[in-house]
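For clarity, chains are labelled A, B, C and D in written order, and residue numbers in each chain start from 1.
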Amino acid sequence: MRQHVIELVYLVAAIGFVLSLKWMSSPPTARRGLLAGEIGFGLAIAATLATPGITGTGYAYIAAALFIGAAIGVPLGLLVPMTAMPQRIALSHAFGALAAALVGTTEYYLTQPAIGKFTMGVLGAEILLGFLVFTGSLMAAGKLQELLPQRPITYPAQNAINFAIFGAACAIIIALIFTPGSAALIPVLIVLALAFGVLLIVPIGGADMPTVIALLNSYAGLSGAALGFVLDNKLLIVAGALDGTSGLILSIIMCRAMNRSFRNVLFGAFGQLQEPDEGVEAGNVRSASTDEAAELLKLARNVVIVPGYGMAVAQAQHKVRELADALAREGVDVKFAIHPVAGRMPGHMNVLLAEANVPYDQLLDMDEINPDFPQTDVVLVLGANDVVNPAARHNRGSPIYGMPILEVDKAQCVMVVKRSMRAGFAGIENELFYDPKTLMVFGDAKAVVSELGAEVSGVKDSIGI
Amino acid sequence: MRQHVIELVYLVAAIGFVLSLKWMSSPPTARRGLLAGEIGFGLAIAATLATPGITGTGYAYIAAALFIGAAIGVPLGLLVPMTAMPQRIALSHAFGALAAALVGTTEYYLTQPAIGKFTMGVLGAEILLGFLVFTGSLMAAGKLQELLPQRPITYPAQNAINFAIFGAACAIIIALIFTPGSAALIPVLIVLALAFGVLLIVPIGGADMPTVIALLNSYAGLSGAALGFVLDNKLLIVAGALDGTSGLILSIIMCRAMNRSFRNVLFGAFGQLQEPDEGVEAGNVRSASTDEAAELLKLARNVVIVPGYGMAVAQAQHKVRELADALAREGVDVKFAIHPVAGRMPGHMNVLLAEANVPYDQLLDMDEINPDFPQTDVVLVLGANDVVNPAARHNRGSPIYGMPILEVDKAQCVMVVKRSMRAGFAGIENELFYDPKTLMVFGDAKAVVSELGAEVSGVKDSIGI
Amino acid sequence: MSTETIITSLFIFALAGLLGLEVIRRVPKLLHTPLMALTNALSAIALVGSIVILGRQESTYATILGFIAVVCSTINVVGGFLITDKMLRMFRRRPDPGAVNGRRDGRP
Amino acid sequence: MSTETIITSLFIFALAGLLGLEVIRRVPKLLHTPLMALTNALSAIALVGSIVILGRQESTYATILGFIAVVCSTINVVGGFLITDKMLRMFRRRPDPGAVNGRRDGRP
């Protein structure tokens, strides 16, 4: 009876989860969505605590574990800066996958050898996926945090080795299906899964990490659903399916925005260290001081600001907002152009600019803004590089060839703010910087932008008052 | 084992059903949606025929029943004219509900008295809903086909009687829950349900019939899902839930388009016979011949055609298309304005005009076209009445007060084609007809429109050649 | 029906209902009539229940009611799919170039 | 796990997956980062499995693994919801009148 009430609560929680994601469809309803998710989660936990069979010590342990988890989770939630969000998300995939994998493993030891064939198959897949996502996500987080080399690491027979490991893991699962009692196979499976997770990520370049994270998210969802099958817990199945489709859709969107195929991301070793690209003639570079740049900005009728990863690194979003406001007071029409893969995470620039109180309806998507560039007086490229690289349009040899870009080179004048002539995440040269209509303004994005802001509004004050 | 394969096929069928509805989201994918539905249905039937326990005679009977059903269904599908679609749909709800109700009843007799409490409750609800929808839909079809009086029929203590019947039915279900063996109660329940279905529809006016049909659709879906609970058939549950939500959403959309509440539709006896509305002064009516009307149409720069139920009755859609083409050849800009509840069914006008090959992107929704009326030279109202009645805007006493309308009275000139000064479905006068800028062109819509078409293109020929 | 089955059924009902809400809300007004015809056909899936009842021949009573039920459902499914098909065939996006010049009158 | 349960689970998985596809496709690019944080938190629902394992104390082994699992999941759920909340708070539609005139610099 009590079990049935618990399951009914799980049903309510599942509906809450669905509504939660549904309400993420627009900013005004998103907070309601968060609430629905929280309520669903809370109900599910409360119901679970009423499960028959939990002992007194059990409750003590649970309380301790919940406390420790919360003590780590709260600072992780509140203190992690927005720029580190991709690593943060990768890290939490690692935690989540580890938890699911451990539950699966424990479940195996508690119920073996009386495990049905199908259950054993699902359980094996769950353990494989769980531990794979665990190390894979750790690797991804390491690369993003630049603790590990971002460049893809390739070695001979890489694919062969990977396939061999994967094959061995599958063979173990098949063996377990027929002799579920061979408990000794489980540690082997776990080691193989851990190794596979590492090896899978090693040859993938940092630029593809966000896609990989979304894919790992999808796998984590699958493993959660598999756990639901094993524990006959429908809430886990629903949550896993939702999580899995979310990861899948996000990775598809990212691949599409970069014009790459899945296979490519997983096996292409995108961004391999390249010889300096011959396609770009290292012509003259025109650079400008912030004074000159500010003057140009003030004279423009309209300015489009293109933020990129550099803005995130420099934490320049607040200064950007101030500059935009100052320009608006000068009567300049200011817009923001957001490339779908600018930054390191889908929606990265949106979150940062939202943090700086830029209203979200002033941020324009690539498709909306591209037709406007020919009529734009000045484009201010702020720490963006790959997403404005014209090589994507015409240089068939470039690794980013075919990726849709922000066509800033069609504007009257382009100002690029970055610290050096170094390449962006894809590791390739950008001919835009050598274009005669491009002005480079070297320096840290935050410093440059705050100077620009001061100059624009300062000059105004001396005239206006 | 075989049972499990059947269930897996049902899963595939359920996915087919979902995709089927999903692909109805745009005309280009809609035919694929239909195919998905058909494949799913076919698979489900094929799997069901493999159910263990079906006898040889059983197969013979099944073949015979399928044959008879198809022999009736094919002509019903191919021959029913588009204008009779609402009745057709009501009628098939009746068939569907009857089938579900009969299956539920049989299931009761076959398994009683060994029926669990919850199952009995669901079964009782299923039988009640099924038979209720059966007679209710028959009544609705009768009203729409004008076999029954369309005016709402009210009598003293109507609501009290309805509640009493409903209460009695609920009491019987409760009794059955506690003594599932009292088989004699079932016929009583059935009779009450049948009576309730009739009495529920009697006081509802013809104008509300389409909403009622959508609601009955929703009930039918619920009863199908309930049957799925009883038979533990997940495919039935999925199909029932989809059907139920579809009916619900359509009835909500209709209610919203008519600015009415559900309660209102079910208990309001909308459209009660009214005294001739004092709000309308029976002023002068200007009428025109088709010659004059054709002349005016040709002189216009732009014409908006507003089709209504009269166009459907007169089957004038092909002639309308010809007229529109003729006007387009004269250089007149022709658009169609479709009110959400024009006709007798959601999307009614769209289907008719599609039948006449009017491309669907030339049909404008109310919200799109309303701002254009002040700049429109001539509006041609073709057998529409309630949907262009300005009383909805300002006459608080009118039963259609608050319903959003096509604001044709804001155009420069309005031509109304109908047979007489009679009222439309809501049974109320229309002051638009007395407006000085309105010209009435009396006659059957098809006849008038073909004359107009002839005159417009005839005159053109005599000038052009 | 065990309590477990009931809860399972409720899960499926809730998920399918939410899915229905999502999916059907996206159907444009344009296609509401075909949608009604299509759901009509799909809801005739109660046919699978009546086929089993009719086929198992457990009592005369069941046979008679099952027969009627199979006939009714078949009418719906056949008619419903045919009508949907007929309607969907009619929807065209752009006029074919000839039609604008009146060379085709659009009659079926 | 009986075959019946498996089929039920497959139904639920399929329906939830379809629902996920429908629902998540509608999330605008703008909200993709909060979406990732939110699904992160929700997927930590594996917590319900680990709570039971930890609570039942069926073996030392189970207790240890269960403890780690509960801690990991709790980190995710708490962190995930907090981050989502933090991000969603930041989204504003229109600049408040004062902000345009630079009276507020938008810093948190």
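Definition applied: a residue touches a chain if its C-beta (ideal position, glycine included) is under 8 Å from a C-beta of that chain, and two chains touch if they have at least 3 such contacts.
Just so you know, these numbers come straight off a predicted model, no measurement behind them.
Is the C-beta contact count larger for A-C or for B-C?
Looking at A-C and B-C side by side, B-C shows more C-beta contacts.
Could you find the chain whose CA centre sits the greatest distance from that of chain A?
B
Roughly how far is chain A from chain C, centre to centre by C-alpha average, rounded to an integer in Å?
Distance between chain centres, rounded to whole Å: 42 Å.
Roughly how many whole angstrom separate the Cα centroids of chain A and chain B?
Between these chains, centre-to-centre, one finds 47 Å.
Using the average of all C-alpha atoms in each chain as its centre, how far is it in Å between chain B and chain C?
Roughly 15 Å, centre to centre.
For chain C and chain D, let me know how many angstrom lie between their CA-based centres, rounded off.
About 37 Å, centre to centre.
Of all residues in chain C, which are in touch with two or more distinct other chains?
Only 3, 8, 11-12, 15-16, 18-19, 22-23 qualify.
Residues of chain B that contact two or more other chains, please.
Answer for chain B, listing residues that touch two or more other chains: 14, 18, 22, 234, 238.
Going by the touch rule stated at the top, which chains touch which?
Touching chain pairs, listed by label, come out as A-C, A-D, B-C, B-D, C-D.
What does chain D use to touch chain C in their complex?
Residues 8, 11-12, 15-16, 18-19, 22-23 of chain D touch chain C in their complex.
Can you list the chain D residues touching chain A in their complex?
Residues 1, 3, 5-6, 9, 12-13, 16-17, 19-21, 23-59, 61-63, 65-95, 99-102, 104-108 of chain D touch chain A in their complex.
Considering the complex alone, what residue numbers of chain A touch chain D?
Answer in residue numbers: 10, 13-14, 17-18, 20-22, 24-28, 30-31, 33-34, 37-38, 41, 44-45, 48-49, 51, 53-55, 57-59, 61-62, 64-66, 68-70, 72-74, 76-78, 80, 82, 85, 88-89, 92-93, 95-96, 98-100, 102-103, 105-107, 109-110, 116, 118-119, 214, 217, 220-221, 224-225, 227-247, 249-250, 253, 318, 321-322, 325-326, 328-329, 338, 340, 345-348, 350-351, 354-361, 363, 365, 457.
What residues of chain A sit close enough to touch chain C in their complex?
These residues of chain A touch chain C: 4, 7-8, 11, 14-15, 18, 22, 234, 238.
Given the complex with chain A, which residues does chain C contribute to the contact?
3-4, 7-8, 10-11, 14-15, 18, 22
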